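Take a look at the structures below.
Look for subunit A in each of the two complexes below; its partner is subunit B in the first and subunit C in the second.
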Partner chain A sequence: MKRYLIKQLLLILPTLLIVTIISFAMIRLMPADAVDVYLVTHHLEKNEKNIAVAKERFGLDEPVPVQYLHWLKDIIHLDFGKTYSTNQAVAPMLGKALVKTLQLAAASAIWIVVVTPVLGIGAAAKPEGAMDRLTRIYCLCGTAIPTFVLGFILIRLFSVNWKLLPAIPDGSAVSLILPSFTLSLSHIAYFVQMLRNEMLENRGEMFVLYARARGLHEKRIFWSHLLKNSVQPLVNTMGISIGGLIAGTVIVENVFSWPGLGRLITKAILSRDYPVIQGYILIVAVTYICANTISDLMSAIVDPRIRLGKGDVS
Partner chain B sequence: MKQLLRIDNYDLSLRMNGENIRVISSADLFVSEGEIVGLIGESGCGKSMLWKSLLGLADPQKWICSGELRLMGNPMDLSDRAALTEARGNQVSVILQDPMNAFDQLFTIERHFIETARAHVQWSKGEILKKATSLMRRLYIREPEKVLKMYPFQCSGGMLQRIMIALALMLDPPLLIADEPTTSVDVTVQREIVAMLKEVNRDRNTGILYISHDLKIIEDLADRVYVMYAGYLVESFPVSALQERKVFHPYTVKLLQSRPSYTKAYLPVLEGNPPSLLDRQAGCPFAPRCPKAVDACRSYDMHVYEIGNQHIVRCLRWEDENEPAQN
Partner chain C sequence: MIREKKAMRPAVIAALVFLGVILIVMVFADKIGIHDPTSIDLTMKFHGSSREYPFGTDDYGRCVFCRCIYAVHNSVEIAFTIEIVSVFIGMMLGMCAAYFGGIADQLFGAVSNALMAFPKVILIMLIAAFLGASTRNIILAMLLVDWIWYARISRSLTLSLKERKYVQAARLNGASAPVILRRHIAPGILPQLAGQFTLSLGNVILGLAGFSFLGIGIQRPTPELGLMISDGCSLIRTNFSVLLWPGIILFLIVLDLNVLGEWVSEHLRKQA
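Right after this comes the complex of A and B.
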């Protein structure tokens, strides 16, 4: 286990390095030149002097690899530069928004972790039963309804008609309920379906037959063998999904005016604020990497084949 | 001798699209104490479904069984699943083929022993593990304490097969059902396993129902043989009949002929395939492939003849061929 952990952590470094290269290169590949944008957003005249000033400001007068190294050094010191539009430091801005988005993502993750087993296991316990049918309808709707439609429906019902929950964040935990539920609904639908199908599929596996042949009770087989084997692939997917929760908040945050990364990036894109976009790309990439590593570790905890390496006779 | 398992007139049907398709027809079979009984037949003839349904392992939504079942001499209700669950692993243990998939890969060998014991008896963990190690040692597994801590994927197929036998013997069941335990292991391990089962049978007087499609192993191992074809037990005889080539049913004869004899002669091939469950016709299911078939075979059900010492044959042609000789 220790060896596996160290290996996984070491693997993060090269991935991170590649991410920084891509995110650095992406900005250089943008159709709009950073200098032009700077001049336009600062209402400066496009002349030799101003261009030279802008170039110096962005360090564009140096060769590209040197620029990259400078930039990398800044990033490591968590210096993402300053915004073009307001000349504020990007890092604290991103940091504040990230905290908000993490709150939203964490609340959604709680929804997922609580609701998925209830519906998934309930549906798998009695295939074609009432619970299974209802769950299937939910899964169909949950994956089909776009987030913004659902968000507005929920606001209409819970905030406008019944006045139960706030639609706009007021800093309280209650105001997290609607946006996080909206965000998690499609994820839950996906996981429920996956869990149910895994359980039904595993039911025909040899290990279930063998457990029955040894006289184990149905309930015991269901809750230990069947469940453990069916949860294993979910844990793996969960990592990608958690990354998606953080990256996928753009719509939900705009619908609920949630001051997180999604809203920040929408504004930044509209005003072509490249340092912010660059910082956002990096944050999302790092989140994905972290989420994947966590899910890898969780898989290793659940599945001894990953932990010990398959076929390793020691 | 006490009969451990006995079925009379046992039928098994599969429910499919509102129709009931007969899979096993009027089977009579018994296994006595200390006896090794071989059940032989081609793949898909119903041998595995026979024991699964008898032990309540066939999904009652899909399978319908009827007939009389006696376990350890006591009549059992085929629909009493609780009683059958209790009997499994305790009175009747099962050894499956393909142990690589039969063990749950996420659980250690130890957990397999513990959960099996806990399903039936109130032993402490120490007692269970002590029993497990001593059994494993007797089945020639080296360092059983270490093996117990291992996961199934860390063991070889042959090792798992032996662990499976140890697991089956833990609660001292009077009857063992072995469903092709040698199909997924190599020839040396096959021999080992056959030898081990013989030993178990000798030392503990355990009755064994050995299911296989390998005539050679059955001949080596069994005391009595049942031959199954398309859901019918077409012939049953003591193994001596096999050795003396005194079998009658054309299918059994053909099976014997298609065994490699290590001569230069071409091996006779039994032409065709067993009938699919869906297009089974009236009369004997073997008739289309049978060299001795007459018109009557295709229209009438086979008759059961008892033709000697525990020798039963289910074939219309027995009388035609043997009546004159007996007169």
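Right after this comes the complex of A and C.
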């Protein structure tokens, strides 16, 4: 296990390096570069002397690899530069927004972890039963409904009509309920479908037959043999779906005016604020890589075949 | 395999009927939508639902029903174009990667893995950010990400098809690679892409609406479902129907294409 852990952690480094190179290259390829912005914001004429001064100021007169190393040093010290639009430091801004987005994602994860087993197990316990049919309708609709439409319908019902929950964040945990539910609905549908299909498929497997042949009680087979073996692929997918959750926050945060990364990036894109976009890419990439590594480790814990590097684990 | 036939049937029939409705809207959009979707008339503000304005009017006095009709027409047209081009590019690259193998295949693997390593939505957003917010750019950005699935399916199918006897016979007859790919391999792949095509069409429509909602997709005043919802969100307390209708229509279209996509994929799986 230790060996596997070290190997996985070492694999993170080259990926991270590639991400930093890409986001560095991206900002260099942007149509508006730092020099232009500097000249415009300082009301300087665009002549050769001023451009040279600005280049020296940003270190753009040095060769590109050296510039990259300087930039990397800044990034490691969490210095993402300043925004073009308001000249604020980017790092604290991103940090604050990241905390908000993580709150939202965590609350959604709670919804997913609580609701998925209830619906999935309920549906698989009695295929073709009422519960199963309802769940299937939910899965179909849940993956088709656009998050922003769902968000507005929930705001209308719970905040305007029934006045039960706040629509706009007021700092309390209650204001997390609507956005996190909106975010998690399609993910729950996806997981429920997966759990149900996995359980129904495993029903015909040899280990179930064997357990039955040993005379084990049906309930025991269901809970400790069938369920345990069906949860494994979900653990694996959980990591991948964290990427989906982060992507989903962009729309949900805009619907609920949630002051997280998604809102920040939308504003940055519309005002072409490249340092913010660059910082966002790095944060999302790091989160994504970490989530994938954690899910790899989790599946290695659940399934010994993976950590020993044996057997067909696809 | 688990889902039995009977329960699927009514849903599929309903989905096919709805697909027919979408097609009618596509063909007769200008006959069904009698009002100009962009003409502003403030005296007609917030009309209720009537015979002339089935969904009422919005805060600029524009007919919501007509705007929805034109929006569906635009979205489906754009999504269809994106998908057709994606299928074409994906098939070409996937087939070539698998058929020629070697460096071409490795390069393909590297590019597709790199593109798939990042959440799709964020990738599209970043490309759009790089290019600037406009209708053309969002289409380009979605294209850049969308072809990958078709390429991967084509690649894996080509790998098995190229070992078939009839392909080898063609090769022995001295047929050139382009001829083999076009006449012997492509016809075997195309039907297999149908399921992915239908599912993907729904996703692209949904994505397009989402990006337009955020302001980085289709730009005003073109009628678009996501834009209509974004415009309507300030009316959530007073005139909810202005944003509810486009939402419902968007939901129904995506649901429809999802149901059909599942059905087609299942069909293909059974054949295999």
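Keep this in mind: the second predicted complex is superposed on the first by the 285 of 314 C-alpha atoms of A that agree within 3 Å, B and C clash if a C-alpha of one lies under 4 Å from a C-alpha of the other, contacts with A are read in each partner's own complex, and residues count from 1 in each chain.
The definition used in the following text is that a contact is a pair of C-beta atoms (placed from the backbone, for glycine too) under 8 Å apart; a residue touches a chain by one contact, two chains touch by 3 or more.
Here the structure is a predicted model, which means the values were calculated and not measured.
When the two complexes are overlaid on subunit A, subunit B and subunit C sit side by side with no clash.
Put simply, more of the residues of subunit A are touched by C, taking subunit B and subunit C as the two choices. Judged by the touch definition given at the top, the superposed model places A:G215 against subunit B, while subunit C stays out of reach.
By the document's definition of touching, of the two partners only subunit B reaches A:M206; subunit C does not. By the touch criterion defined above, A:I145 lies against subunit C but remains apart from subunit B after alignment on the C-alpha atoms of chain A.
Looking at the shared chain after the overlay, A:T266 reaches subunit C, while subunit B stays out of its contact range. In the superposition on chain A, no contact is made by A:Y4 with either subunit B or subunit C.
Between the C-alpha centres of subunit B and subunit C, as viewed from that of subunit A after superposition on chain A, lies an angle of 80 degrees, to the nearest 10. Superposing the two structures on chain A brings subunit B to within 11 Å of subunit C, judged by their nearest Cα atoms. Across the superposed pair, subunit B and subunit C touch subunit A at no common residue.
Those residues of subunit C whose C-beta lies close enough to touch subunit A in the complex are 2, 7, 11, 117-122, 125-126, 128-130, 132-133, 202, 206, 209-210, 213-216, 226, 229-230, 233, 236-237, 240, 243-244, 247-248, 250-251, 254-255, 258-259. Remark: subunit A residues 15, 26, 29-31, 127-128, 133, 136, 140-141, 143-149, 152-153, 155-156, 160, 197, 200-201, 243-244, 246-248, 250-251, 254-255, 265-266, 268-270, 272, 277, 281, 284-285, 288 touch subunit C in the complex. Every residue of subunit A that touches subunit B in the complex is listed here, in rising order: 205-207, 209-218, 220, 224-225, 228-229, 232, 302-305, 308, 310-314. Of all residues in subunit B, those touching subunit A in their complex are 52, 55, 57, 85-90, 93-94, 96, 98, 101-107, 112, 115-116, 119-120, 151, 153-156, 167.
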